[in-house]
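The structure that follows is given in the form of structure tokens.
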Amino acid sequence: MSEEKHHIVPYRVYVFVLLALLALTFASIGITSIELGEFTVAAALIFACVKTFLVLTYFMHLKYDKKYIVAMVIFVFAIFFAVIVITFLDYLYR
Amino acid sequence: MQKENVANVANYLTYKGKHKGLLGWVLSTDHKRIGLLYLYSIMTMFSVGVLLGLAMKFELLAPGKTIMEAQTYNATFTVHGVIMIFMVVIPGLPAVFGNFLLPIMIGAKDVAFPKLNLLSWWLYVAGVFLVLSAVIFGKGAPDTGWTFYAPYSFKTGTNLLPAIFGAFILGFSSILTGLNFLVTIHRMRCPGMKWSKLPLFVWTLYGTAWIQLLATPVVGITLVLVALERMFGVGVFDPALGGDPILYQHLFWIYSHPAVYIMILPAMGAISEIIPTFSQKMIFGYKAIIASTMAIAFVGYLVWGHHMFTAGMSGTAQYYFSLLTFIVAIPSAIKVFNWISTMYKGSINVQTPLYWAVSFIFVFLIGGLSGLVLGSLAANVHLHDTAFVVAHFHYIVFGGTGFAFFAAAHYWFPKIYGRMYDKGWANAGWLIFFIGFLALYTPMFYLGIMGMPRRYYDYLDDFHGGNILSTFGSWIMVTGLVIIIINLIRSARKGPAAEINPWRGKTLEWTVSSPPSLENFDEIPVIAEDDGPYNYK
Amino acid sequence: MYSPEVTQASNFVQGVDTAFLVILGISFFFLIGLTAVMIYFIYRYNRKRNPVATQIHGSTKLEIIWTVVPFILTMVMFYYGWLGWKPMAKPPKDAMEVTVYGRMWNFSFEYENGKRTDTLYLPKDKPVKLNLVALDVLHSLYIPAFRVKQDMVPNKENNFMWFVPQRVGTYELYCAEYCGLQHSYMYSYVKVMEDSVFQSFIADTTKVVAADIDSPIATGKRVMQNIGCFACHSLDGTKLVGPSFKGIWGAEHTVVTGNETRKVTVDEEYIKQSIFDPNADVVEGFMKGLMVSYQGQLSEDDIANIIEYLKTVQ
Amino acid sequence: MEQNAHGAHTHYDAEASKIGMWLFISTELLLFGGLFIVYSIYRYLNADAFHLAGEELNITIGAINTVLLLVSSMTIAMSTSTLQLKKKGATLGLLAVTIIIGLVFLVNKYFEWGTKFEHGIFPGSEHMLNEFSQGEILFFGLYFVMTGLHALHIIVGLIVILFAVVRIQKGTVHENRAALLENAGLYWHLVDLIWIFLFPLFYLIH
């Protein structure tokens, strides 16, 4: 089972990622508490996306995984995104 | 089932494991046994569905009440639709033939997660019982149509909840099968079995599995929302609480359109195996067929709105969905052209499976082309929710998937049971069935064009003629079906022993004994560089 | 059905039928062509005639051809479908407006002057815009001869359809969206008449109503017929979706109010409440939520007439 | 990828179970995806009502829960590293911390829902029907469904982790057979991912 010996992630990477995630959380609380009008949603979502990216790459080890797994994950998100956009084609232009 | 065996070693049918008798089947993790478990349970449900279909046709024989009340009729088409869609054609080919053949075709001993595979079957059974319990107990069988449209689905007093949870569990079973197949195809191919050497049936299972995985959860959650709405009055789709019924339709079709490709893709895969074998010829355009499979799986995910053209979507959405609906038809066309070209200059061996395959192409063409009519914005306004739609989907779901299922059954039968069926009866059954099919569903096209809405218990006198013809057709067809099934059941027990490779096929399942041994292969095969699934010389 | 002279019943027939026929033509071409080729191959390359197959891997040129040609054809199909559909979305400003109420299981039509009918009366050659109001669940207004259909969605704004009737005559009008028990009985008729006839019809019947005033019983019955009470309530004691009206007046009924069961005597107050707030007291053994309020659709006068009529149903 | 299975029945294939888990996660993502579609459409249709209703939620509790989940995600991620480094004790410790945090999260959620119920905010309540606009009813309907489903996932995640703990203790999950722990980790991160979106969508944006 030689393929089992994969990359061992050092602890400090996890700690840094956690710190970054916490910082992003507080930043998003901060930014949504000021009045940005329409952009509040966008801002909150952008922060959430960055956090998702961090969790996926580091906590979920995508960075160290085979490329086709990464491709699958991207594909799934892309499909979901497409579906949401298409649904909005209806509601935005009603 | 354990008399003279063809192979002298114990095969998967006679093998005795930890458990004896029936338990040895329902607790077996062998993919072949699970395949057969699915076959028997699906055929059982299929018979129930057929009887309900016949009952409906009987009711429609004449205007007014013929044999049942309106409430019964409404429950009948609902249960008929739910059974046929969720319990017969969606699991149909993947769970029966996919389970049986996928590991053998890629040179593996089993699927990646055999226990999960068994769990899928158990979930299937659980789902079936839940739905049936809704029919038998409580305040009457559900009467919403298989689409469960809001807000009627939370107004009706019938016993909807078990049906909804049943459908949810069936969905879960389907997801797990898909997951299992994906991992199997990724990880368990034998040495030398490159992606470019996978049999086309495996490719279609691969595409199907992705749809199962990514579309099914959407309908799952939608049904849960309907259930919560009924149980607790959570406002989600109820217009009285501000919900939007059209959003329900979006969510429902986000699954249920891709689901129609779950039904048809494996059917197309089976046809892509049968045509080359009986033409003794390499498949025409192997890569193009793979590309079209993946294109259908992918684009099919993005066109759901064509079921909602009259629901009141925005104009932009209408254009978009109509346009993409036409585009998703093109890969199907490519497949048809490639199949027919495969026959060109072949050496065609006309046998029962080929009859089924060729008639599949014919009815699939009619079903698909009528789909194009429905995809057109203007024509859809007139034809939506009429008998035309009913004709379209019976032609394609059951002309397509159903015919392919029987094609596959007659093609792989000798491998599965190690015996051969009576070809004369098989051909006769096919002919009667085919004629009955045309008589049953063709009049519905006409009725739809004349404007007869679907889900109609009663109709005006103008529609009488077409309905009579259609009802007669249903009787002819069932005659054919009975012949086919009796022939197969008899042959499975008493038929003459079959050769290892009766049709001279080239895919791996024709290299193992008939019926296959427990582990499929004594030694995992290795595919040579110049070998391939359709390598006829 | 699809011959142009007979069926120019509305301004949309042409567009819809053209789209249909274009696709049908292309379809028949492919269906017949491909089937013929297939059968020919089976005959010509039968094992007996052609014992050895010639191996052909494929042809990129052909693949491109049979991708591009269907693509072009489908775009043609799309174009005609779009062409026929586009005008349906844009009602002319000067259209006559009729409000259509759909409920389980009947339609009622309200004209600009407040008159109500259960059959749709229309003047010829004048654009009409139907404003669709669904009162309980989804329905769909479908007039096959006019090639129009539009779902009626509860609480949806701007839910309409429009067309120009072009031929005098009577046409069927169906509910095309499944809506429960009596879905297949939810149909009515469209009567298209010459403009002059229509005008006098619309004005005339107000007189009829006036003439009826002296007979509240008859008026009550007509109101109930027009608005469709009998889809759910019988007069002969048969239990339909709702309780029968037979002998209802003065009877003692068991109803469920909230969570408690109590007995009530059917009087004016109770009937009125049953019509305006049907779900407050639900008759035992029947479903809550099926009958929806007629508030705003029936006036106090109508109710009074209905009550008079109900007193006579024994 | 081309090294394939032999002896399918007893075979241990870490990569197969990993893909299996990822595929399962994809399914789960689309399960929640359906709800996110509903949410975004209704938010678009009832922007003001959602705005108002969002203010009823307590950002502090939400933020605390976010932090909790993030920390637990880190601890479980670390436990996969410690397992590789053959530090069984540390692995078990980290997992214990993860489980405890998960429980605390649930307790928080319990109190949060509890207060809502006390104020008469729950699906089908009279209070909501009478006092709230339709948009607000939708908001709270979704709030209960989505956070409820999420809590259900937390519970499942906890059970899976508990399972991993037992197996590690027994020694059947170890550095050469880490798949169960890694999959438990992946699942827990999924739960985290979903919360990452739930938090701003319900608590922050208003």
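When the chains are written out, they are named A, B, C and D in that same order, and each has its own residue count from 1.
Convention: a residue touches a chain if its C-beta (ideal position, glycine included) is under 8 Å from a C-beta of that chain, and two chains touch if they have at least 3 such contacts.
All values reported here derive from a predicted model rather than from experimental measurement.
J.: Using the stated contact rule, I'd like to know whether A-B or A-D comes out ahead in C-beta pair count.
T.: By the number of C-beta pairs in contact, the winner is A-D.
J.: Subunit A to subunit B: how many Å between their CA centres?
T.: The computed centroid separation for subunit A versus subunit B comes out at 37 Å.
J.: Could you please state the distance in Å, as a whole number, between where the Cα atoms of subunit A are centred and where those of subunit D are centred?
T.: 15
J.: State, to the nearest whole Å, the distance from the C-alpha centre of subunit B to the C-alpha centre of subunit C.
T.: The mean C-alpha positions of subunit B and subunit C differ by 33 Å.
J.: State, to the nearest whole Å, the distance from the C-alpha centre of subunit C to the C-alpha centre of subunit D.
T.: Each chain's C-alpha centroid was found; their separation is 46 Å.
J.: Which positions in subunit B touch two or more other chains at once?
T.: 214, 242, 246, 250, 254, 315
J.: Show the residues in subunit A shared as contacts by 2 or more other chains, in ascending order.
T.: Within subunit A, residues 76, 83, 87, 91-92, 94 contact more than one other chain.
J.: What positions in subunit C touch 2 or more of the other chains?
T.: As it turns out, subunit C has no residue touching two or more other chains.
J.: Going by the touch definition at the top, which pairs of chains touch each other?
T.: A-B, A-D, B-C, B-D
J.: Mind pulling up the subunit A residues that touch subunit D in the complex?
T.: That would be residues 1, 3-4, 8-11, 14-15, 17-18, 21-22, 25-26, 28-29, 32, 40-41, 44-45, 47-48, 51-52, 55-56, 58-61, 65-66, 68-69, 72-73, 76-77, 80, 83-84, 87-88, 91-92 of subunit A.
J.: Please name which positions on subunit C make contact with subunit B in the complex.
T.: Residue list for subunit C touching subunit B: 1-2, 12, 15-16, 18-20, 23-24, 27, 30-31, 34-35, 37-38, 41-42, 45-47, 50-59, 62-63, 66-67, 70-71, 74-75, 77-78, 80-85, 88-89, 136-138, 140, 142, 144-145, 147-151, 153-156, 159, 172, 174-185, 187, 287, 289-290.
J.: Okay, in this complex, where on subunit B does subunit D touch?
T.: 29, 103, 108-114, 175, 179-180, 182-183, 186-191, 193, 213-218, 220-222, 225, 228, 232-236, 241-244, 247, 250-251, 254, 519, 524
J.: List the residues on subunit B that touch subunit A in their complex, please.
T.: Interface residues on subunit B, with respect to subunit A: 214, 246, 250, 254, 301-302, 305, 313-317, 320.
J.: Mind listing the subunit D positions that touch subunit A in their complex?
T.: Checking each residue of subunit D against subunit A gives 1, 3, 12, 14-15, 18-19, 22-23, 26, 29-30, 33, 36-37, 40-41, 43-45, 59, 63, 66-67, 70-71, 73-74, 77-78, 80-81, 84-85, 176-178, 182, 185-186, 189, 192-193, 196-197, 199-201, 204-206.
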